[in-house]
C-alpha cells in the first residue's frame, strides 16, 4: 500500500522545451496536491511520469509503504495507482455495464466494487446504454467509477471535474474527502481550485 | 593492359559502372555538403554566442569601474 | 557506442579520422577500377565479369550497413544514446543506396548470362528483400512526426529487422531449393578465378571504407545539427 | 445515499482472470458491429475470386498456383484489421488504462495478438482450403491447407501486432503497417506455400510445417518485447 510519494530532482523535457526541472516533493497518506500552471506547463506530463506512462529525463519517483520501505515501481503502479486522463478510456460501441465491468475486472475490484461504483456516481439508469449515447459528464462519471470499484491508494487526476455539473462536483469532492480520510493520496491537475484542503504546486513558474 | 573495349557487352558493363559511379558520387556529395552546411551554421551560432558573452563581460567590467 | 558514447569524445576521435577515410576510399576506388579493367576478360562470361566488381561489394556493404543500423538501434534502445540513434539514421541511406545499386548491377549482369533482366534466384531475391527492409525502416522513420518517438520506433524496427534478417535469408534459400532444385552455378559465387581477386578485394575494401566515411560524416553532421537546434532553442528562450 | 464501505484490499483478478477479461473485450471489439469474421473472410474470398478473372479460369494455369495464391491472400487479409489493434486504444486513452493493470504491457500485447489470431486468423484458416480448392487445389490437400493456414495465421497475427505497435501514432498507419510488416511475412508465406507445394509433389510437408511452427515461436518472443517497447514509446 502506498503511504508516501517522493519526487526527487524530477526533470521532464518535451521536444526542446524543458517542462519542469529539479522538482522535489513528498506527499504523505491523506494529503492532496493540486497542480496549477498554464496549459502546456507540464501538469499532464508530471501526472503521466508518476503513473509510469512517461519516462522522466532525470530524477526519481519513489513509492514507500507505511513503514517507509521502498515499493517496487512496476507492481506499485500495477496495483496502487489510478490515472484518469483527459480521455475517458471508454469504448463507445460497448454498454456502460460492459465498460464499468471491464474497468473493475481489469484493475482488480473489491467484493461489490461494481455496485459501489455504480451507486457512487449514479450510473444505475445508464448501465444498459451504449457509451456513445452518454453525455460528456456521464462518461466522466463512468470513467471515475474505476476509482471506487477498484480502490487504489494513489489517484492521479487530470482536470477531473471539467465536464461535471455542480451536483456531481460536490459528489466527487465527497469521494475525494472519503479517499483522503482512508489514507489515500491525490495528485490532481486543475484549473479552478479543488473544494478540498490541498497543497498547491504551481508548474507555471518552474518551467 | 587497360582494356576499355567491352565489345558486345558494352551495353551492360558501362551502365553498371556508370550507375555505380553516379550513386557513389551523389551519396558523397550529399554527405559532404550537409556536413559543411551544419559546420558553418554551428560556427555562426557559436561566434554570435561568444560575441554576446564578451559584450556582456565588457558591460559588467564597465559597471565595476 | 563502443565507448564513444559521449558526443565530445566521439567528435574528437572521428575528427581527424574522417578525412583519412575519404582519402583512402578515393584511392581504393581508383586503384580498384583500374585493376578491374586491366584483368583479362573471363573466357565464359566475357567482359561482363567486370560488373561483378561493382555488384558484389554493393550487395555485401548493403548488408553491412544494415548490420551497422541494427547494432546502432540496439544501443539506441538499450542504452538510450542519442549518438546511437544518429548512427542508425546515418547508416540507412547509404545502405539502401548500395542495395539498390546491387539490384541494378545484378540485373545488368544477369541479362547477358540468363537472357532476362531479373531472375528469382536466391541471391538476387535476398538482396531485393534486404531492400524491402530498408524501405520499411525509412517509411517508418518518415511517417512519425515526433522526432524522439520516431527515433525509438525506428530503433525497435531496426533491431527486429536485424534479428529477422537471417530467418528471412534462410527462408529465401529454402524457397530457392524448393523451386529450382538444380541450383546452377550462380555467377561469382565459388569458382572465382584467382586472377580476379586483386580487383575484387580492392573494390570490396573501397566500398567498405567509403561506407565508413559516409557513415561517420553523417553522424558528425547530425551531432552538429542537434547542437545548432539546442543553441537556437536556448537563444529563443533568452530572447 | 448509504455510505459504501470502502474495502481496502481489492481482490486482484489474478493472471488468468485479467487475461480472460482483456481477451473477451478484444474479441468483442474485433467482432463488434456484427461484422465479425465475415469481413476478413469476405476480403479473402474477393481476393481469390479476382485471380481467375485476371488470368483466366483454366485450371491448368490456376491449379499449380492455387496454394500459393491462397497463402498470399491469407497474408494480405491478416493485414486488414491490424490498425484497429492499438490506434483506437491510443486515441481514446484505453492504452493508459491497459498499462496500469496487473499484467505488464508484454502480456497485454500478446493477448491482443491472440485475440487477433482468434478473430481473424482462425476464420481465414478455415476459409483458406475452400478458396484454394476453388482455384483448383486438389481436395486431398484441403486439411493440410487449413492446418498450415492456422499455424501461419498465428505468425501473421504476432508479427502483425508488432507492425501495428510500431506504426502507432504515425500518419497513414494502415499502409505503413503493410510496408513494415510484409518483409517479415516472407518466412510464413514461403514455408506455408512450400508445405502445400511439397505435399502436392508427393514429398512430406512436415519439415515445412516445422519451420512454420518455429517461426511462430520466434515471432512470439520478438513480438512480446518489441511491441511492448513500441507501445510504451508511443504512449509517452
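Every chain is named by a letter (A, B, C and D) in the order it is written, and numbering of its residues begins at 1.
Throughout what follows, a residue touches a chain if its C-beta (ideal position, glycine included) is under 8 Å from a C-beta of that chain, and two chains touch if they have at least 3 such contacts.
For clarity, every value in this text was computed on a predicted model and none was experimentally measured.
Of the two chain pairs examined here, C-D and A-D, it is A-D that is joined by more C-beta pairs in contact. The most distant chain from chain D is B, comparing centres defined as mean Cα coordinates.
Chain C and chain D, compared by their mean Cα positions, are separated by 32 Å.
Chain A and chain D have Cα centroids separated by 35 Å.
Chain B and chain C have Cα centroids separated by 20 Å. Rounded to a whole number, the gap between the C-alpha centres of chain B and chain D is 46 angstrom. Within chain B, no positions touching two or more other chains are listed.
Within chain D, residues 236 each touch two or more of the remaining chains.
The residues of chain A never reach two or more other chains; the list is empty.
Contact residues on chain D toward chain C in their complex (touch as defined above): 162, 166-172, 176, 179-184, 186-187, 190-191, 194, 197-198, 211, 215, 218, 222, 226, 229-230, 233-234, 236.
Chain contact summary for the complex, chain C toward chain D: residues 77, 129, 132-133, 135-136, 139-140, 143-146, 148-150, 152-153, 156-157, 159-161, 163-164, 167-168, 170-172, 174-175, 178-179. Interface of chain B with chain C (complex): residues 1-4, 6-10, 12-13, 15-17, 19-20, 23-24, 26-28, 30-32, 34-35, 38-39, 41-42, 45-46, 49.
Those residues of chain C whose C-beta lies close enough to touch chain B in the complex are 22, 29, 33-34, 37-38, 40-41, 46-48, 50-51, 54-55, 58, 93-94, 97, 100-101, 104-105, 108-109, 111-112, 210, 213-214, 217-218, 220-221, 224-225, 227-228, 231-232, 235. The part of chain A that touches chain D in the complex is made up of residues 1, 48, 51-55, 74, 77-79, 81-83, 85-94, 98, 102-103, 105-113, 116, 119-120, 146, 148, 150-152, 178-179, 182.
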